[in-house]
Each structure stands twice: as C-alpha cells, then as structure tokens.
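So that you can tell them apart, the chains are marked A, B and C in the order they are listed, and the count of residues begins at 1 in each.
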Amino acid sequence: MSLLDVRELHGGYGQVKVLHGLDFSVGQGEVVVILGANGAGKTTTIRALSGMIASSGDILFEGKSIQGQRPEQLCKLGIAHVPQGRGTITDLTVEDNLRLGAYVRKDKDIDADIGIWYDIFPRLGERRAQLAGQMSGGEQQMLAIARAAMARPKLLLLDEPSLGLAPLVTQEVFKQLADINRDRGTTLLVVEQNANLALSVADRAYVLETGAIITKGTAAEVGADEAVRRAYLGID
Amino acid sequence: MDELLQQLVNGFSNGAVYASLALSLVLVYRASGLLNFAQGEMAMVATYGAWELTERDIPVAVAIAIAMAGSFVFGALIERLLIRPVGDAETHALPLTIVTIGGFITLNAFAQWRWGTAVRSFPPLFGNGKITVAGAIITHQVIGTVASLLVVVGLLFLLFQKTKLGLAIRSVSSNVESSRLVGVPVGVVLMVSWGIAAAIGALAGGLVAGNQDLSPFMMQFILVSVFASATLGGFDSPLGAVVGGLLVGVFEVLIGRYVGIVGTDLALGATFVLILGVLVVRPQGLFGTAKVRRV
Amino acid sequence: MGGGALALLENRWVRLGAWLVAALLIAVIPQSFEDPDLQIFNYALASAVAAIGLNLLTGFNGQISVGHGAFFGIGAYTTGILVADHGWPHLATFVPAALLCFVIGMAVGLPALRIHGAYLALVTLAMATVFPQLILRYESVTGGGSGLAVPKWNPPDSVDLSREQFHFYLFALVTVAAYLLVRNLIHSRMGRAIIAVRDDETAATVLGIDAAKVKVMTFGLSAALAGIGGCLFAVAFRSLSPTLFGILLSIELLVAVVVGGSATLAGPIIGALFLEWSPEVIDAGDGQVSQILFGVLLIALMRVAPGGLLGGAKRLLVRAMPPPALEPPDDDEPAASAAPPPDTVEGP
C-alpha cells in the first residue's frame, strides 16, 4: 500500500477545470517528483492534495480517503505543504515561524526540534530573532521547509522549491531535501520545473502536461525519455 | 502649573478610553483587515447590559465583567455570522464596511428603542473618591481608567507573546494561507480576535459611562477621536493604538485649552492636522508596518 | 461567466430600452406624486449627483472617502450664501461651488498620494468632522447654528409647473448630465487610467500613467460633483444648518454608492433613491424600529449582493442564462481574477 494514492483527480478554480483525472501514488519513504511546465497544473495538484481548493476523485492517505478535508485537518493527519513562493509569515520572527510550524503538535519536544533545525540550517539560527520577511529568498525557502517539517509530517508536499532562487541556492535546497528524506524518513512529493535537479533526488517521476499525466517511471527512465529530455532538460 | 497638570490628567483620562477602544479597532483590523464602524456601538449596548445588571443590585464590577463575557460571545458571533460570509477584505472592502455601518445603525437604533434617548447615570467602577496631587484633582475613576488600560495591555502582551493562541493570532494577521497550512484553525482565531476586541470595548464603555453618563450616543462623541488614535498609532499595531490614544487625548485637551484661535470646538480638527502631518511622513502611522506593494 | 447575459447587457437595444425607461420615469414621476413625495425624489437626486461623484473616486479609482458630505456641504453653503446674501441667481452659483470643491478636492487628494486605505478613510472622516465646526465658527458668514435660509427658486412664469415639479425636472437633468460626464470619462483614455490606477498602481505607472495626476484630478472632479449635489440640496431643502452635513451624511453617501453598486455607472443613482426612499417604505410605525430594520436590511443586502443592487441584479441575470462551456486557460491561476470586472462598462 502506498502512503498516498490518487485516482482520477479532477480540480480547478470555479468553472475552470485544470486537472483532468490524474492517477499517481507516492510510496512510504519515497521521493516522487511531478515535472511540468508553467500552467501544466502542478500548483493546482498540490493545492488539491492539501485541501486548499475543491477537487473530485479519490485521494487516499494511508489507505483512508482524505478527500474534502480542510488543510488544518490534513496537517493533523501528517501532511505538510511548502507553498509556492514560500509562504513566509513575514511579520513573525524566524523562531516564531518555526514554533508555528509545530502548531498541531502537543508534545514537549518542540524547543528541541527548533534547535535541530537551527543545526541543519545554521543561518536560521543566526537570524532567529529577526523578522522572517527581512531574509533572502533562499533563507526563506529553508525556513519554509523547516517550518513544514516542524509538524513532523509523514508526507511533505513541496510546490516549486526552486522558484526564484539562484542556481547554487537551489542545489543547496535540494541537497537538504534529500538529507531530510534519508535521515528522517520523510516522504516527499515535489512538483518542479527544474527537471535536472528534481530528478537527481527523486526515486520516481511523473510528467504533467495540460492537466494530464503523460509519462511516468523511475527517475532514470523519465530522465532518459526523449520527449522529456527535449522539453525539460534542454537537450536536443 | 497646577492648571497644566490638571489638563494633563484630564487628557490622560480621555486618552486611556480612546486607547482601549482603539485597541478594539486594531484587533479587528489585524484579524479581518477592516475598520469596524460598529465597534463603539457594540460597546455602548454592552454597557447598557451592564447597567441593567446594576439596576438589579449586582455590583458594578461584576456587571461589567459579565458584559465583557457576553460581548466576547457577541463579537465572535458577529464575525462568524455577519462578516465572514460576505468575503475577505481584500476583495470585499466596501460591502464589509457597509455591513459594519449597518451594524452601527442597527445597534444604535436598538439602544434608543430599548432604553430611550434620555441620559442615565452609571455607577463609576472605581467609586467617587479623589486625591489631590500638586494641586491637581485626580479622581479614583481616572486612576482606575488608566490602570485598567495598563492591565489590558499587559494581558494582551502576555497573550500575544507567550501563548500558542497569541502566536496563531499574530500569524493569521500576517499570512492567512500559511497559517492554514500549518494547521491553525483560522476561523476560530478570527472569532476569538473579534471576541477579545468586543470585550475590551465593553470595558471601555463601562469606563466612559462611569466617567460621564450612559446614553445611546456616548460612543459616537468619541468615535472620531478613537479612529484618529488608531490611525496615528497605526492600524495594525496594538502598541500604536495605546500610544496614539494617549497622545490624541492629551493633545486635544492641551490645544483646546491653550491655543486660543483653535479653542475646544476645533481641538479635534487641530489634532487631525497633526495626524495628517504624521501620516504624510509615515503613511502607516507611528507604529504600523508598511505594507510592501508587490509589482 | 455568463457570456450570453453580458453580451445582452452590452446590446445597444437593451441600453436603448434602459434609457427609454429612465426617460419615462422622469416624465411620469412629477405627474404621479404629490409635492411632499416629489421632494423626497428631489433629495434623492441631489444625493445621486454627489454619489456619482463619490463613486468615481471610491468605485472606479479605489480611494475610499468617508468625507464627501463636507463637499456636499460646501456646495450647499456656496449656493445658500451667494443667493441669500449676494442676490445671485441660483443656477449661477453652481459654477463657483463646483470650482471651489474641485480645488479643495485636489488639495485633499494631495496627501492621498501617500496615504492609503483605512488611513485615507480617517483623513476624509476628519474633513467630515471639522466641516460643521467651521460652519459654527464662522457664524457671520454662514448663519452658524441658527441656520441659513435659502430663497426659493420658483419656476419661470411661462412654465406651468409646481416648484417641486420644476425642481424635479431640473435635478433630473443635472443627474443625467453627471451620469453622462462620468460615463464618457470612464470610457475615455483618462477613464482607463483611473481604473488602471485602482487595479494596480505600480503596473499603471509602468505603463506610463501619471498615477499622481490621475488620483488628484479624480479627487477634484469627484469633489466637484459632490458639491453640485450640495447646490441641488440647498435649492430643495432651503434651510441649511451645520448638523445636516456631519459624518452621518458622508457615511450615507458611501452607503448609496455601495448599495447601488460601486464601480457601476447607474448604481449610485439607484443607491441614492434606495437611501432616501427606504425610510418611507420601511415604516414600522416607530422611528427606531424602522431604523433597526433599515440597518438589518443593509447587512442582509451586502450578504446576498455584495456588488450592490445593480451588481446583484446582473448576477441574477447571468445565472439565469448559463454560459457556453469554457476552455481551460493555459495557466494555473484562476482566469476569473485576470478578467476585468464586467460591470465597469455598461448602460444605465
């Protein structure tokens, strides 16, 4: 049984349908990436999964349907979402952002966890008392990942973590994501345009085009696909 | 010198009341992004509720406390039933403003209908005693008003900075979507914010009625000064509301008394000119945060 | 998105029909109502002209004003003082009133370049608060608290109309003129700039629009229209006193704009009629109960029709005529947000 099983997912905004019946799954401990160009429906997919927009079709998490649940309920079930544009809570300090990430937790280890994330991202530790909105884009992305991870999710959804970041910073972000998956066993579902980097950390991949999945396979298979290479890897 | 001191005391007393109601406005503004024109009338109706209790021989402190609790529920329900269904302030600022104006009209007319327009006396929460300091007379009510404000501010500070609920309230006022994504029940936070605002308003109403008299119009007389206080301090800053309230209170009294051509009738106008000057330099008020305009 | 219904609204025959209905109403109302009721229509038209002005600023340009009652008052007192104390003919006073409001409006618009949203609302609210105090202060000119009587404007002898009937036709003419002025403005280059500045000031500036100029001019024009509304009010009411022009009036004008339908052309007129007539229609036999009902009505109306009466009527029409199936746009973002609000251009 997969951690996340999605069948016939339809969704969109009002009368505008963006997704036309997606089928995909994410296994426990996997890193799965959904590649797609602008407008393919990547963000819509992620937002449907985290309950930010209405959708139809089956969404099974740990074998139970989570269709129609609100984001705060999904968060309690163990699904965390790093939104596009990082979703920094700009008027709170870095530390408050992290503390807020643990909002659904009731245990006493929250302070200790914050310390762990300061170790992983030392720059967050240095800026703990600073307003989060004053940090650079790369730092805010790290904060967004750490904030989502503070909930100790089983599944972490990431919406274009590379967006608006310098190449070196993007590499660093993906390296950290791979570490989180390896060290903490967190399952990752990443939607991305940056196919090269995303495939380098992924176990499996799907390719999304105008709201439908056109290719799927292991990261190596998808990376070797002629059409994918032309469209997303910039290789003729 | 005694005279000046006395004026300062009066100004502080008015200012503390402005500050309390400005705090209410600010809490609602931070939660829902709108100016609640009905805030003063909500406080006025709550004060009539407290007055009904005092007429039944319930001590005034208890009566005000009950009115505050009732207002908390009332405020939360208004958010849930009248405000939220209309839409968010980003896209529905005008209709939401009209809803609060509708609330203003309804509550004011209700109070006139239920309790009449005649002025009633309301027992002062802190009694009729007074002390004399350096020739200035300071009533216990004035001391109590300022002290109440300080207590409210202290409690709000603890709530915002030291509790999980406070963290959630601050988070929602900064970024609703991200708050939702980390599991904050945004709807509950909005209701609590409106509830706290209404409860503080009820306290302010009790203080105003005790200082002066109880009437359906008592809050309208000070509403503009309260708006001015919140603007001066910055609509998204609780600290700003307090500083703004005290500054406006003191400034109104001093300019009315000591600047001959202005006089009491135009003191508020002169205060506006001052605020306008501040806003031209700092459009977000003294303590407000400037909203970054995205390209 | 109701393409069919919107096309219908754009249809020239439908517009022609709306104009005909309006013309018919203007012709019939003075014959069908007694003078006291006609007077309510006249107050409504005076408010309508002011609301058309406020809508230009708040609806189309996005600057909220809770102080237009002051411009209304300036217009009314200009007419009152010039007619009563200086013997001017009524109509001639409209020009200085409009000019004065235009200049003061631009002056108020200047700080609005830096001050936005709720902060701007306070600046305008301040204006509404101070205006009655100034009337009281300068009693020798304004008559102060005891009021200012405005001489009657009787119909010319050659016209066989009662004074109220004469006023009605005159006010309707001014209202139509104000409507056409704003309509033509909105459909012009300047109008597109006014709306562009509302929707995204930064983007408008990038497109080469002088946002500061647009905002100050809009403020001035809006104030001038509010002032002319005040002139009409002075003619109709004939007894001016400072309490008439307090904060409540400014709030009422804002209510008229939003209830009618902000950023629509005919909305303010509908809103002003609604505002003046609802106290007559909602008559619970007790003034305060009627007021309670009026407040509840406002709240309920915003719940079912946040776009105002005109916006709500259009939505009903759109719902009644289902749109053709739409192709999805090639972007993740909802397409609806990119489209301009459909009700920025339409007939009466």
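Observations on the model:
Please note the rule applied: contacts are C-beta pairs under 8 Å (C-beta built on N, C-alpha and C of every residue); 3 or more make two chains touch, one makes a residue touch a chain.
Everything numeric here is computed off the predicted structure, so don't read it as measured data.
Interface comparison, A-B versus B-C: the pair with the greater number of contacting C-beta pairs is B-C.
Each chain gets a centre from the mean of its Cα atoms; the one farthest from the centre of subunit A is C. Separating the centre of subunit A from that of subunit C, both taken as means of CA atoms, is a distance of 50 Å. Inter-chain spacing, taken between the CA centroids of subunit A and subunit B, is 43 Å.
Centre-to-centre, using mean CA coordinates, subunit B is 31 Å away from subunit C.
Residue positions of subunit A touching 2 or more other chains: there are none.
Subunit A meets subunit B in the complex at residues 50, 52, 70-72, 75-76, 80-81, 83, 87-92, 96, 99-101, 103-104, 133, 147-148, 150-151.
Contact residues on subunit C toward subunit B in their complex (touch as defined above): 58-59, 64, 111, 114-119, 121-123, 125-126, 129-130, 133-134, 136-137, 201-203, 206, 247, 251, 254-255, 257-259, 262, 286, 288-289, 291-292, 294-299, 302-303, 306-308.
Chain contact summary for the complex, subunit B toward subunit A: residues 164, 167-168, 170-171, 173-175, 177-186, 289, 292.
Of all residues in subunit B, those touching subunit C in their complex are 29, 35, 37, 82, 85-87, 92-99, 101-110, 112-113, 224, 227-228, 230-231, 235, 265-266, 268-269, 272, 275-276, 279-280, 283-285, 293-295.
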